[in-house]
Structure formats: structure tokens, C-alpha cells
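Structure provided below as C-alpha cells; questions to follow.
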């Protein structure tokens, strides 16, 4: 099986790191196909950016949907997730949603620990939109945004462990999600130092993709009643226009 | 004052009709500046389409933000609203949100009556995202989608009156919002035949825009703490890239 | 159009101040007709007082309903709002509800900043009863009640700015409502010093009244299904008794 | 112990019937002191009427607070309950709230069955305001309002049994509250014909009053921090003015 | 009437203390029949323990159901409550639920103050499961668990008063429930020192049991539609097996 | 890796069927170790039965915890899940919870379709307790309970397809969970006939167990702060007593 690891950020180094973690997670069960956005932002951090990046996500999926078995949107706020899920007939996994659902099977309550206060609002809104707000104990971050993202795993290591520990001991959270692509892979390295279960979003996401591919394998022929009606469009990338028009060309619905 | 009446659909006739209603509503208090999307869909009806159109909304606002005093996003599901509000320093009004807030000041509970069952999911989600789900009694529509949108006001007139009446008499709704751009202007024509208060979304939206312009007139110099940090980007329309970068060019944050 | 600016407190100076602000807000679009309660309390601050004042509000509206086009209940907790809206066939605007709905169109989340901790419980309950509790980040006030209300705008100016600023910077609130009639008019004076949008309730309320009058102008002949049945009564003021009996006299329903 | 059975309706026959049921319920454990409103409505059925009657409730309690140990507000929508509880230092029991809390100890979910569709909105809102909306399965009533209230217990007996039975068998409700003073006492007569536990509100209310008096007997000297501050007033009945001013006269807070 | 005071903990001294308080509360209105678990835990403090103890609760009720009129489950987290209520045709009262419902009739909002942080999670979950989470302001306890439970009423007296006082003055809670069997009876002793109404759970529970017995006395012959179907079983205590099989033996449903 | 497939029902045939499905799902990734309850009920269908079976679940896990890597509680209502998760240091997967979380990653909203109306209440409560109630559209079942469970997959096949189809077409559900062990394995057989994604709970559960084992593999040395304190007990099965006492014997905490 093939999983599209779609990084809606333009930072190739993030993609490379996440692809490596993803491959370690799935082993030979799946092939990881990483792609990086060629338009957009080095690192999405707000709803305006997510609005734009989410449209690019649809475009990128449309280019690859015929050749993969599932898609992982590899940005913690899950840009484009709902639209993609409505539009395409294969499992679409959001990194945040997959982490949240995984966390919910490991404990009663969870927090998201991240690297910058600038991510709080978007991540908070994203978790609430999964429907699991009542088991969610908030986003925790250092008080200041880091000057650069490249080395946050080493620069902020002790800060993030302290935040995760406080979430467990004072906040009574069972599970800590280390949210944000710059923290990908850190969970396994700090797990032994945090008195809670620590979840890595990219690992969650690709493993959930494997499960969802297997779960839905027999269902590929079933029509989906709740799918949007076909629609003509103007000015979209051709693959996306065709997807939205259910395979028809743009001009004939 | 100038209000940008931004139709994120590509159908010029809808823009023309809404502009006429908007002008009748604001009289000489404001100038209505209508724009129609040149890319996208004739009529947005799903979350995938809203994801794409919402990004175009940001682009269109960026082109006009310097020359208007407020923006009305003239599609009932409010594509791009949250991102636009975060990004731009002028009032951004969603047609659905403005209707909902107006309805909430006219009665305890409201319904949305619309022209097609295909709109239900998106409209329902949109109303819930305003936070007013607990005063909302659902979206009601004819069972079948109309074959074309041009004449729905005449073709479906009696159906829509019946749906609105049932919402009031059996559903105990105080207010009926006639949702969807194809129904713009119908409210005043059917109000006398519906035993509830009937709200026209485009009228709500432009009148709320007038109010918000006046309410925030003295605040233009205040910095907004919760505004996203400036961000470089690749491949966006130049005005949008500059807006996202807080006036800086794309390459220098 | 005529707007009844109904102060359910007995303090004439408050009415005068609010009338001045209201007139500045509506200009020549509407005539403001201020009335002050002749029974009740100098300043309502609890649910017991609101229960009593709310009944007076109905009585006061009944006296003027035939000669005005909308009513603004000019006390932040909106005493009598629900009953008045059920009973009378013209727009009834609550100062708190109008502020909340206006704030909801200006940002994601809002706080109420007020002058005394004694108001917190009532204001908090009032905001929740609007249905917008999930976008509300609480009531903030100085820790001690002021000794007198007349000069709170000057005495507490810096305290209120500090509370509003903290709500924005630490509380991530987009909008600050300055709640309570004694703070009427302060918003425009402090807006430039607060890193959030600051909303004046009385301005919100009268501008919303103007909008609601215009929105419902064509609907005056429509029966309201959800209106209470006519009811006889004993001992009410004659205009209120007649209103409750749908125009019949007290003795004949 | 003495319990004020306060009927905020002006119908003496209702008071008499409820007093008889209350006395049968409490036996010699408490003395029932019935009072009937001398102003207001024969039977409260809307929020406007409840606003007015709730103010009268405060006035009536103020007249008797010194000579009774608890108050039962004997109207199902609990007019004036919150204000009364804030204001007076003795247990205040609402007939609806007491029924709801009692029902919640008898089963998972409950419905309210009442005699007229005109009561639905007010009762529904009242139950939700107790905070138990998530165990509440709605108000059920005959489709038409009865022509008179005097004989509803006999006229509607089979209809009400059918509604209660459907609530249990199709609605999976464990408990049925027979709401509304005109149904007082009917519960015991139909209990054997309904496949659910049937709750009589007035019995619930007076038994809860007995319990609350006993529970709080040792607490009479404790100050209540959350009590409203003393307040001067104009034009209230002297006992109420004194209660609101914490025993001071009207003119000196 | 006879009330089974069922202590699901194995500590006889707790049962003795609670029985004494219960008898003082009910006087000659009811006979208190105390029983203590012979298996299980000295003091239940987690959901795992509650799962086990809840099954014992069903077993213990089955042994006594024929000879008592109501059951009080005398542990604050109400182990086994929902199952017992479904299974047995007599009132089943949970100590936590009864306290919560009683508190809700005494004020708007309540807290639970308890003796150990180890109880917080279970108590918190228990209160939310009553459906009253929105009037609940949390569990408060000393930061450290006490070394032994026997003398917590004297050892922690001033700490608990301070916690209760802070809940009232800073937390604006109207009512304080002293949660946990080791605090049984403390409420009356500290009531005068706490500026809020203080509720004793065991007193609440037995008084509510008295009320529920009286409320349902006439309903004993009514079938309960929502009762589970009869079911055969293996390895249960004979009385419980028979109860679950609706009086049939284990082998024949 | 080894997964304990714990059937808390006493019906061996169910265990056999579920083990076969589980093995087909995990292939050679994991060894499935099925166990069947030797006490309890042929098929759990109520909260009373779940209370008892949940205690047996803890006992059964305690016997095997040292020799397996994860546990699947193979009954749809997840008896004992919360307690087991608190108590044991390995992933505990509930069949209902795993289905719900999986469904939530496949679509916006889901229903549970089951074979008997007798399961509705328990399943409904179970789904709500996962925290995902707001994406849940209810439990649907035939109106009558089947006479025996053995052949429900064939007897009810067309009924269940019709219920699932109606949930999709009229209920707008994206995903249908076929709930209840007697329906294990049916999902793949009917998927092509239902216009929605159909989820098999046992497949979901074992695949999630595989994922959770992998996710937490590196975390085994981390202490869990929120774990209950060690506790002595009386009369429990020795392995369970030891587990609850954190490895200590029963008599020494």
C-alpha cells in the first residue's frame, strides 16, 4: 500500500524528517510517498494560512489520488481535511485528528504541548473541531516564540519536558501529544522522562492510515451517499477540477 | 463608507441581484462595491468548494482592502471568514454569521430555509461554527435539488413558504433565515405569508457592515494583539502575500 | 424612526449620558426617546433586582410601544428581554445581547470588562443566556467594588485599560466589551490604548435597533405564531394588561 | 416547621388543591401555609407573565420570610426562583426544579407531560435552566390547548396516560413528570397505568422543602458570601424593599 | 420504612459513623440497616476499584432488596448506581448524586471539597456523570494525601474550612459538598465557619431516600418499560442471578 | 506482539468467530490470544450486566497482563475499560471506543446499527462516554429483539442493510458501525450494498491495538503520574489483588 505524506508547508527539511519517521513506523507494510508544497508558507501558523494551504492540499491530493491508497496531511492543524475527505474516495488522515483519536484510546484526557505560543489558537481550534474538546486539557507552549524552527527539538527539549510533566502532574493529563511538524520524532526520545504517555503525531497519522486502508479495502465499490454533487469550475488545477466534477471535464457536469 | 460586496461564486447575475438589494438596504449611507470571483465555482455547495473559494476570498480582499471600509462575504457558508478576520484590519462580515446574529436579536430560536438538500450539511456546519447552535433549529429544504438556480425564487416560492411556516408552527421557530444567495431578496416578498420573522441574509450582512464600520471607526490605530505574526510566502497573489507579511515584501518578514 | 431608550435604573444621570451617546451614534437616522424608571433601583446589580426591574421594563414598554419603532433596554443584564420580545411586536434590543452579537462579528472570542466584582455573576449568567458562552472568556473587574458609580470612568480608567489589555494579551480575546451603564461611552476613549477591539454596549444597542427596525419593516403585518395567547390579569398597569391581553381589556380575553 | 406554599397564580382553587396534596405529603412533619397571588394571572403560561409573576413572588416571600422555614414556588416554570434564592436566607424550592432533581434520582432520563402545547416553550426553557437538559427528553402535550383548566385531570386523563406511555415505550424515558399546577395530584392516580415512574411536582417540591429545611438547620448563622450587596430602592412593597436592603430601611443602605 | 445503608468499602468504622449520622437524620421516619462490604477495599478511590466494588454493590443489594424500601450506596463516587437502578424496583440513592441534586436546590453553583487529591479524578467524573457539570465548580482538596483516614476530620479541619471558604469567596460557589465517607458528619460542625451552604452527603442521601420511598409508594405495581430483559448467568451469587433473571432461576430465562 | 482478545461474554462461539476475524485482520503482525469469560452472561446487554462483567474483565486481564502486549475488550459497550486503563500498563482497547475513533477518521458523522432494540440504551451511553457524542447520530436497530443471536447475520441481513442505508441517505451519516459481537465480520460482507463506509468493530479494535502497541513501545519505562495509588484488598482474585496493589501482596500496600 502507498501513503501520500503531504506536507502543506514548503519546507523540504520538514518533509524529509517526517518521511524518515513515517518509514520507520510503517516498515515494509506501506510505501511512504512524500510531497512538499511548492506554494504557500514555510510553516503554517494561522487560520488565514491554513485557508490557503488547505486549498493547495486539495490540489496536491488531486494530483496523486489515483496512485496512492491513503493521504496523510502532515501539518498539525489539518488544513483542508474536511474538504478532502468529502471529495476523495480514499482515507484522508489529519495529523492532529489522528493524534487526538489515538490519545483518546490511551487515556482519559490529553494535552497538546507545542513549541510556540503562536500556534495555540489554531491548534486549540483544530482539536475542538475533532469533537473531542471535552477530553482535551489545552495547548501548552513556552511563553515566547522560538527565533527559528530548525533546532527546536534540541533548544527546547527541557522546556517541553517540563511542560509535559506539569500537564501530567498538575493537570492530571494521561497523554501528551507533541504537536507541530518541527517536533516530529521527539516523542520517543523524551517518553522516558515524562510521567505520561507521549504521542508522536506523524507516527500516529501514518499508522492510522495503514489501519484505515485495511479497514476500507473491501468498500471501494460502495457509492458514498454524502459525497458532494459534481460541479464545474473555472481556473482550478486540472486534476482538482476533474475530481470536483467527479471525473467529468470542467465544462460538463 | 465603502463596502466590498464580495461574491465568491463566479455567477455575475447573483452579484448583480445582491448588489441591488444591498444598495436598497444601505441607501446613501454606504457605497456598495460588488466583485465577482473570476475563478472557482458557479455556486459553492460543499466544504471542498468552500476551502478553495475561501482562499480566493482572501486574495480578493487583499486586492481591495486598502480602498474599502468593510467586506461582506456574500455566500451563505461564509468561506474564508475566520482567516480574513484574523488577517485584515477592517470589519469582515459573513452572510450566514450576520444573519444568525441578527436572528438571535429578533427571537429565541431560528431555522435556515434553503432551496436544495445539497446545501444542508455545509449550512448546518456553518451555523454551528458561529457558536449559536443551541438556538438553531436546523436547515430545512425541499427534498430534491432544483434543476437550475436561476428561477428558484419563483419556482419554489410556495414550497419555501410552506417550509418556513412549518418551522414556525410545528417547530416553534421565531425567526426564519432564507439562506443561500439564490434566495437573496425573497424575504421581503414572503414575509407577510409566514407566521415568523423572515430574515434576508444579504440585507443583514450589509447593514451589519455599516454598524461595524461605525463601531470600530475610532479604533483604527489600535494594534491587535491576536493578529498572526508576519509570514513570508511563495506563489500567492502579490497583494495577499503582502497582507500576510504585514506589508513587508514576500522575501523579508 | 423612533427608538425608546429605556433605562430600567432610576438614575437620571445615567439616562442622560446614554441618550447623548445614543444620539451621537444614530445621528439623524433615528430619534432617541429616553425614559428612566420611576420605581426600582439606582443601579441593578443582581438577579433579584433584575426580576423586579424586568417587570417594570414590560410596564414601561407597554406605555410607549404604540409610539416607537424599537426598544433598547439600557441595562447590561437585559432585564425583561425575553418576556418583552415575546410580548411586543417591535424589535427589543438588550444592551448585553447586542454587544455580544456585535462582538461575535468582530472576532472569535470576547470578554466583558466591568467596574465592580458585584456585577460578575449577573453579567456572566446574562452572556451565557445569549447562547454565546462558548466564545465568551469571562467577566473581568477590579477586585473591589467602587465606592460610588458617578466617576468610575475617570477613577478606574487605568484599571480598566489594564484589565482589557490582559484579556487580549494573556487571555487571547479579540474583543473587549465594556459592560455596564456607568461605563457607557468609555470605549471610544480607551480604544487606542487597548490591543483589542473595544465595544461600547449602548452604541451597539442603538445601532442594532436601527438595523432591526429596517430589517423588519416589511414584516409588520405578519402574525407571529409563537406569540403567547392572550391572557386576562389583575392589578397590572392598564397598558401592560392590555398588551398581555392582545389589545382586549383585562376582563375579556 | 412551616412551609410557605406560594401560588403565583391568582386561582384560589389551584392553591386549595395543591395545599391538600402538600399536606397529605408532609403529614405532621410540616405545616403548609398556602398563599395565592392577588395580582397577576389566573394561570402563568409565558415568559412575559413569568417576569411579572416572579416579581410578585419576591414580594410575597418578603411578606412571609420571617415566619416560615422554606418556600415552595408552586408554579411549574419556577417564576422568581433565582432571584428569591439569592435574596432570602431560607430554602426556596421551585416546583419544576424539585421535580427534575427528584426525577434524576429515579432514572436516567425523564420527560415532562403537560396539558397544553402553550406551556411547551416555557417549561422546556425552565427545565434546561436547571442544568439537566442532557437527561431531559422534552415536553409532551396534547396538540390542542384545553378550553378550560378546571377539569383537565378528568378530560385529558387518557390522553396524558397515552403521552406518558409513549414517552416510556418509544422515547425510553424512565421517569415522567406531570408538569403544571392543573395536573397536581394526578400522578398517584395514573401511576399504575404508565410503564414508567410518574412524578408529582407539588409532592416533590414540598418533600424537598422538608429535606432542605433539615439539611440547612445548623447553618442559619453562616454568612453567605455570594449574597447581593444591600441596595436602596423606590416604590417596592416595604417588606421587599427591606429584604433587598438587608434589613435597612429603603433610604439608608 | 427501611433503608439499606450499603457501605461498599470494607471499613466497619465508616459504616458505624455513617449509620449514626443517618439515624440522626431520619429519626423515627425510617429504620437504617447498615451493611459493610466483606470483599473489596478499605476505601475505594479509583475507577478500577469502583468497577469491582460496583459489582459487589449489586450483589449486596440483591441479598436485601426484598426486605428494604430503598438503598443508599454510601460511597461518594456512587459505584454501581446506574446498574442497580436499572435492575432493582426500589429507589437507589447515590451519595454523590443525592448531594449534587440537593446542592442544586440550594444555590446556583457548588464545589466538592474532599480530603485527598487522589479522589479528585473519580469524584470529578462522578459529578459530571450526574449531568450537572455546568453548575459544578470542581473538586478541591489539600495538595497531599493524608497518611491515614481515621482522623481526617480533626487533622484537616482548618484546611477543609479554608478550601471551602476560598471556593465561596474567590470561586463564587453557593454550596460546598464535603465529599467522601471519611468526612461524613463534618458539615454540621463547620457550617458556621464557612460563608456558603455546606452539605453533608450521607444526610442528603438518606433524606432523599425517605423522599423517594414516599414518592414512589403508589407506583409499586407499575411495570417499568425500560428495565433490562431477564438474563441467565453463570457464577453470580444466587440472589443476584435471580434478580437479573427477573426472579427466574439462573438456567431458565 | 500478543493481543489478548477478551470476550467478557460466556459464549465460546462468539469468541471463536471474533478470533477468526481478528486473525484475518492482523495477519502475522500479531498473535491473537482469545479468552472467554467463565462467569457472567451469554451476552451482556445492560449496565447492570456490564457492571458485573467489567469486574470480571479486570480479573481476566490481571491473569494475562504479564504475557500480552495489549488487550481488546471484545464487547461493544466496553465493560471495564476505564478501570482497566487506569490499572494496567499496557494498551487497553474497547471495541466500541476503537470503532468510534476509527469512524471519526473516516467521516464527519456516524451511526451504530445493531441487531436488537434492547442494546440501544447501553450502546448509546457507551458512545457518549467516549466524548464523541456530537458526531454521533444515534443507535438504530430493528424494532423487535431477535429470538436468538446465533443467526442474526443471516436472519437480519436485509434489515440491517436497510437501516444502514437509511442512516446514510436520510440521516446523512458518513459511516456506519455495525455494533455488537453477534455482527462481527458482517461489515465486509455488506459494505458494497451500503452507500456509506461500514466499520467492523472487532477489526477496528485489533488494528488499533496493533497501532497502540507500536506507539507506546518506547514508553514502557515511563512512570504514569495519574495511575491510582496502590491499595490492599480482600477477596479479589490473587492476580487482580496484586495488580491493584502495584505488585505488592494484598496485606502490605
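The letters A, B, C, D, E and F name the chains in turn, as written, and every chain counts its residues from 1.
Simple rule for what comes next: contacts are C-beta pairs under 8 Å (C-beta built on N, C-alpha and C of every residue); 3 or more make two chains touch, one makes a residue touch a chain.
Everything numeric here is computed off the predicted structure, so don't read it as measured data.
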Superposition rotation for subunit B onto subunit F, Cα-based, multiple of 5°: 120
Most distant chain from subunit B by Cα centroid: E
Cα-centroid distance, subunit E relative to subunit F, in whole angstrom: 29
Centre distance in Å when subunit B and subunit E are each reduced to the mean of their C-alpha atoms: 52
Of all residues in subunit A, the ones touching two or more other chains: 82, 108, 121, 172, 226
Parts of subunit E lying in touch with subunit F, wherever the complex brings them together: 10, 38-42, 45-52, 54-55, 57-58, 80, 82-84, 86-87, 118, 121, 145, 226, 228-229, 231-236, 240, 244
Residues of subunit B defined as touching subunit C within the complex: 25, 29, 82, 85, 91, 93-94, 97-98, 101-102, 104-108, 130-132, 134-135, 168-169, 172-174, 188, 191-200, 203-204, 207-208, 210-212, 214-216, 218-219, 221-226
